[in-house]
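Labels for the chains are A, B and C, by order of writing; each one numbers its residues from 1.
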């Protein structure tokens, strides 16, 4: 089917792009954490491929594409070498990590939702797996690096909402038969821009009701 | 078969009950850790579904039931909303988390053992997977929240033993063909009561021999 | 086929040996971390079986061999009991943990690479899974114990390189049809000796370029 062919090529392109930017985010965190070059490579691989491997295990795409497509395995290694020599000055690392993370977030929530639906999962479960594809690698990255995942923290800008919006937009496009290269790119861009805006304007999600009031009083 | 039908309905009911109480435990820890509402939701989902997803991946129940039954995915979200507005006063959180955890522990060790055996695993492996179903979500919850898992800590009351007893009781019921709604509830209640007693009376497991002596001397 | 029969028996022997030494490493860390006996058992099981379970989930060997072979499940429990009573004096723990870890590293990178290839993965992916089999359990052990994985840290001696060399040697042996008991043992010994040498001589991997220079200046 045309749709399948289309999906295969678009998905592969988006995957490699997402893998690259996530790998940058992982390798840069490795620099910031003072890990050695292998620690950087592991963080790059895990950040780039972790969410997708989880998705593939859940939907039964065995072995996960990360282990059948050499490009997927090798891209984070190339990125690690580049980051090893060219990583930005320390004060610019934080910003670069977050920017790459936002781009990967946008790409992966679209790819993940699409692939989960292709393997027969319902739209709601596909949205969840799209979010897991997008955010899973980053969560594993933070856990490996010894940080509490940014995804959970109150004092971090919105992360889950952009992924949710991108994945939900993709699910709606699937539902109404409008998913193609342009609309998929649009959904990814929507999540990306939302995440950038959240970082720029410091958008945050509320904490639990009682807690929030207390915190406000305390300040 | 009658047994299958029975198991299907009983298992679904126990699953949803267990998911609810585990989700409460996860969402409350999110409150205590000062996470935002999405952090609470992630912790609720992971605590409630993490152990079962691991079990399903291992036994080959693909996709895991958490992704095929909408109720499983949505229950932790409903719980998160409730906890968001109604979470107990801070000083009562610890007790509530532990109580819910004990109830989930009892339910999930029975459900997990039963399901693993239905998928063809041996009784010993089924007991291990029953314990993993019961304790896995809590371990993931603690790791995500940046804590050393309560399961491992010496200064926490018995956690593994109640799960082991509940799972083993279930395995024995299976072996002697006595597993039904009442006996399954009994096995779950046994684990639940054991865990409550362990918390109430401060039952703890020993540390390594040499270490224990030294610690006693040190005190 | 003779090769299959050979592989089955050699693989089982290597697996049990690797499981034992990894379990020692996990249980000893449990002692050092002051966990109770169940915490020790969980760390022993996870260290011994975690890498192999991940490998089996990825290659589709469902249920993972850890859940179908009782010996695999029970070995870490026996080890835990032994370590409970006989664990070395505190000052010798560090060395023993690392020595056992090195032996397990050597055995598991060979076993993991071989098994992944038998399940149809390419040689590069098999090398990655060999490394994951060897290092995965240790990474999970460190995360559960609340440490940043040794694998990633700059101030720890080479860990990934020995596993990479052992797995790559195994892949080359497979490629040229020379894999048998003696050559497999050789590949495992190569990784083991490399790891011991790395610990003995303090071999370390470089950190990122810029960072390293700064660090040298700072010292």
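The rule is short, and it goes like this: contacts are C-beta pairs under 8 Å (C-beta built on N, C-alpha and C of every residue); 3 or more make two chains touch, one makes a residue touch a chain.
This structure is a prediction, so every number in the text was calculated from the model and none was measured.
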Check: With chain A excluded from consideration and all other chains held fixed, what connected components does the contact network retain?
Finding: one piece
Margin query: Regarding the chain A and chain C pair, does the interface count as same (over half of residue numbers shared) or different (under half shared)?
Written below: different
Margin query: Can you report the angle of the rotation that maps chain B onto chain C, using C-alpha atoms only, to the nearest 5 degrees?
Written below: 120
Item checked: Inter-centroid spacing, chain C versus chain A (mean Cα positions, whole Å) -> 29
Notebook entry, point to check: For chain B, what residues touch not just one other chain but two or more?
Noted result: 57, 143
Note to self: With touch defined as at the start, can you tell me which chain B residues reach chain A in the complex?
What the structure shows: 30-31, 33-43, 53, 57, 62-64, 67-68, 70, 73-74, 83-85, 87, 89-90, 143-146
Item checked: Complex contacts: residues of chain C adjacent to chain A -> 57-60, 119-122, 124-125, 128-129, 139, 143, 147-149, 151-154, 159-161, 204-211, 214-215
